[in-house]
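Multiple structures are listed underneath, in structure tokens.
Here come two complexes built around chain A, the first alongside chain B, the second alongside chain C.
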Partner chain A sequence: MGLTGLEIFKQLPKTNCKDCGQPTCLAFAMQLASGKASLDQCPHVSDAAKEALDSASAPPVALVKVGKGAKEVALGNETVLFRHDKRFEHPTGIAISVSDTDSDIPAKVAEINKLVFDRVGQIHSVNLVAVANASGDAAKFAEAAKAVQDNTEFPLVLISEDPAAMEKALEVAGDNNPLICGANASNLEAMVELAKKYDAPVVIKGADLNELADLVQKAGYKKLFLDSGAREVNKVLADQTQIRRQALKKFRPFGYPTITFADNPDPIQAVVDAGVYIAKYAGIVVLNTADPADVLPLITLRLNIYTDPQKPIAVESKLYEVGNPGPNAPVFVTTNFSLTYFCVQGDIEAGRIDAYILPVDTDGISVLTGWAAGKFTPEKITEMVNETGIADKVSHKKLIIPGGVAVLSGKLQELSGWEVLVGPRESAGIPSFIKQRWNA
Partner chain B sequence: MAVTIAKEKWTSKVGEMVLGADSTVKVGGESALPFLHFEGEIPNKPVLALEVWDLEPVDWPEILKKPFADVLADPVAWAKKNVEYGADLVALRLMSAHPDYKNATPEECAATAKAVADAVDVPLIVIGCGVEEKDADLFEKVGEALNGKNCLIGCATEKNYKTITAAAMVNGHSVIASSPLDINLAKQLNILMTEMNLPANRIAIDPLVGALGYGIEYAYSIMERARMGALMGDKMLAMPVICFVGQEAWKAKEAKSPDDENPEWGAQERRAILWEVITATTFAQAGGSIFVLRHPETVKQVKVQLDKMMESNAY
Partner chain C sequence: MILIGERINGMFKDIREAIQNKDPEPVRYWAKRQYEMCASYLDVNTGPTVEAADQPAVMEWLVKTAQEAAPLPCCIDSTNPDAIEAGLKVHKGKAMINSTTADQFKMDIYIPMAAKYNAAIIGLAMNEKGVPKSASDRIALAMEIVVNCDMHGVPMEDLYIDPLMLPCNVAQEHGVEVLETLRQIKTLADPAPRTTMGLSNSSQRCTNRHLINRTFLIMSMACGLDSAIADVDDEELLDAVAAANILLNKDIYCDSFLKTFRSK
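Moving on to the complex of A and B:
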């Protein structure tokens, strides 16, 4: 990635033997640079050159996977420091921890499995379960890993710095590509051996950034997560920023996703710290809470930070039904920004109202933004009313519009010939509005 | 192996704003990205204001009214309570001026503002009712009544900035400049206001933030870009940023929905407060300096987080 033809050319044999099908090594290098050829088409390139080219063409942050199958998570492959430059690619994996000293692990895991939320029509959940070897006992750790694995589909993070305990846990959970957490200065070789044996990713923890860089180089393994050792939020922020900056500058030891631990003893501050890690580059954040009141804000933050800044999420602009609308069902007009649409749809559902919704195509922007930008207009609403044939489905001629755009009502009434009812400003007010105002 | 710490060489800094007559509050002045103490100075901690309304709020959920139960109808008592709760500033919202509510006169509002200002020894933020023409009239009188108190007043928009800026200049206040989530609009308004000779360090940028789950990402990125602009020397982006977090967070369904409506979301109180806290702390990471909040527990939690963030992380 990002290598010029000339940089590649320097690594080629320069014999112009044509075995690659190109007239010269330089021509082949140019083809490589533009992605039209692959390096293995040259039979003469040296191993050293191959290694140099591979690592230079690798992405700044390696993509590392944890788990297997449908719930596998992939982290890394990030290319920027700021989301306004280009979207952040792989949303922070949220891990919830259990301890091998917990009395009822299956019950705790069941709580974690329930952390699934529907937001703007998409399902969002936590991603991993971390098992901590708090007991210090190898057999207990393995037992806990098994209990977790038997009760969840989420990939595991195995937390122990004792290679003997890790070995035991891997005997039960090693085939499912768990994250081994992990290696440090005193157990590096043994942990990396285990990781290699199971071909699983491993966390490398340094006492600071300097030691971390050393250990990564010593490890001789590429499925890595980085832990700078910092645990106070201000220091983690600095280290996360450094690791991302260094990775983008192609400082190779830091070219891996990171793991962070929100283990502030103050339970509210732990959640707040986790929010900082999500905004600031964490590959994985490990939480000690499975309270949905703690997790929902973090999952929402992750969704926001990792959306593509160039494209709002939109729903298709067409006639939607909620429940079983009959001829007397109310017709709600809104925009096709998914957040807007799903607020409205959710509140109509919550009020158990059978209804039609017409989300006008505003290029996926909200009601007020759409109005201010001239994309949510009486003309466009009328067009949609006519094109969807809603008049044939209902026996009345009444449209309900958002309270925020009450100013549209006169013109809309005139253009469409429908009576316009101005609804509440917030969609949450729809159920009581219908109770008081709807009769058709 | 020693890692060479990657430091950006910024050439400029955010302007420093001073508020309050006697007990002063300072914001801004940073020469680094938020809380990256290793590459510049961060002389002032972001500050927290709690809102006071001059009429009993209509659409506040119960859990938000609870901490103010006995003072909701008395702005002076409410303001004092906010100070007890640890607010660095009191943000008085003159909602009664709104034509849909009491349509109170500028004189009535000025009297309330004066009474509140005299009752507390922290600086005041005074916010109008949001109707642009009305706010213009309002601040002629309110600005005068608060002469010399060095308040932060607003919100000035493209439509009413002239009157509000003039009122601020005559009476020694600073101004909140609001523009909808657009870096060029923000800059444009700052230029217009400084062209009236209001010093740049008497303007706070209000980018009209959205809450967590409701557009937070747009403001987050605008604020990051504005901060980078400031550090690279753009004086018309080098103002502290004010975030009206409380009003946005408490509109969110996740904050308003009671325990039994969405049991899978957890207890309302904890969820709602975290909604406000995380909206604020996330903006702090993007460069927000003044946070206007609603719940006292939010003030407490955000303060703990900011105190930690102000500890050095220099290498």
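Moving on to the complex of A and C:
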């Protein structure tokens, strides 16, 4: 994003010396804002001003990476408060925590490794393993970090506020770009030194937003995650909102992704809290539970929240069953636009009809749009009928197409060799259509 | 779109006579009428026939009378700083000062006044030398106003830059420059200053004035116009604004958008 004339003018020396070739500093600022001049034409601009102008042109939330290789997690680069304004860019990283007092760490990590789920044809999983220094013992912490690292490919979050313990753990795990969690008012210097040594990201935790802003400015380091120190969900919500809001207004100290902790002892409460954090700007959310039943809804919510609202959402183009369809069940053809598919599916289900649905891949656009764009054609429908092997599942050879594309029926019948019934224009008419017309 | 009703102005015969006779009825009528027709502000102007020395008292009377008749803030319109301050003193709510130019001696009077009374202010992109021709000269003057407002702590949301539209029959080449100026004003600061214009200027002594006004208003809205001083007693103008709000994704569409716009 370009800088505004006012932002630039405030950083200029205001001498009106004309050395830049412009009559006034204000005129020079305007030239800079419109890209017709460059800052080095002014011999009097200070280094501080140069840096301020550079950082003002940086994105509002920095991109910070944790881990290395295929499982690396990148967070930040967000540009909006509400997803419908554009989209949320980098899905919240989900971390599951392990304590260095746990008796069988490899077993616990093995459970975490299994938190991989298939959602709408894609694989989604948790992203990080957090190691907590609950023992307070440096050697134990390092040992736990090693045990975790040896048993998972996920990047690590090292949780300890003791620099000595962190140093030990980093000797083991520092080369893999773990997240150091973290620095606070009392250990800031030591922790930031460690982060610099390993070139790893570090969490800065303030007692409140004011202290957080101060500490970030003192840190003099740019690979940061923010923690406002709040732990009650209402306070975290308020702080997360402020941090994102101020970052978008280019308040540099808050221009970093955040970390949140959903550690309520009641697992249901923890999941609900984590849901709030995922919806409200958390970069990382740390959970204590590795129970798939707790994690699956969060993975699903994250997937939904971080989809691009400008792109139509598609369902996987494959054969779907509604109820318990037998060989006599009707076969409905539609498109894979999720709104379209779920309308059809919902109306079939509401009519208590056991049926098959074939959503043709139209790149996720509706029946009439797909027809107009040449993506919902007799050829494509025929191809899908052949590929899904629906002929082996039913004893009849009848397809039902949406009433809106009745004109396709002749050609489709010819190409596919199936009898084509033209259904109602609206899927709400399917139940009465079936009653009157279906006798396979 | 923030519509500023233009009608309480001594240039109009009925208001001029109302001021002369101290008859509040025409002022009340137009305050209520413009309120019903979706105005967000009432422009109040004594007109040039009132002696300079009498302008503060007349302005005070106009503001009080208008605000008693309609629950709207006023856009206090005068070239006389005493008249403006007199209006601000009796004004209830957040007033708007109409206007300052980019001349330093004027900005030094009006911008601190806006800060003191927490009022919005209209800044004209012109100076003593007159109205600049090109968009870039207009923008340079607008920037002067932006910097002065920033210096006095007047927030950008309270600054309304008027790029100055001139009548299209005699200054036709200014129209495209005004539109370009509107686009560029939004890049001056973040948050951006707001924009306004004296819409009826565009059609002075032209035929089909309403058509010209509303066409230019819609073109300007597409370029980022936030507000206009206009004839709100023009149903077709309101319809066009309602439609433009929909097309610019400012209001959520519904079939009865014309009605919804008026009920706001």
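In this section, the second predicted complex is superposed on the first by the 272 of 440 C-alpha atoms of A that agree within 3 Å, B and C clash if a C-alpha of one lies under 4 Å from a C-alpha of the other, contacts with A are read in each partner's own complex, and residues count from 1 in each chain.
The criterion applied here is as follows: a contact is a pair of C-beta atoms (placed from the backbone, for glycine too) under 8 Å apart; a residue touches a chain by one contact, two chains touch by 3 or more.
These figures come from a predicted structure and were not determined experimentally.
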Residue contacts with chain A in the superposition, chain B compared against chain C: B
Chain B versus chain C as contact partner of A:4, first or second or both or neither: second
Touching partner for A:27 - first (chain B), second (chain C), both, neither: second
Which of chain B and chain C A:350 touches, first, second, both or neither: first
Which superposed partner A:18 touches (first chain B, second chain C, both, neither): neither
Set intersection of chain A contacts, chain C complex versus chain B complex: none
Residues on chain A engaged by chain C in the complex (per definition of touch): 2, 4-7, 9-10, 26-27, 29-30, 33-34, 250
Contacting residues of chain A [partner chain B, same complex]: 82-84, 114, 117, 119, 209-210, 213-214, 217, 232-235, 237-238, 241-242, 245-246, 249, 251, 253-254, 266, 268-269, 271-273, 275-276, 279-280, 291-298, 300-301, 303-305, 307, 309, 339, 343, 346-347, 350, 366, 372, 426, 428
Complex contact set, residues of chain B against chain A: 1-3, 5-6, 35-38, 180, 212-217, 220-221, 224-225, 228, 251, 253-254, 256, 261, 264-268, 270-271, 274-275, 277-278, 281-282, 285-286, 301, 304-305, 308-313, 315
Residues of chain C touching chain A in the complex: 139-140, 143-144, 146-147, 150, 187-190, 192
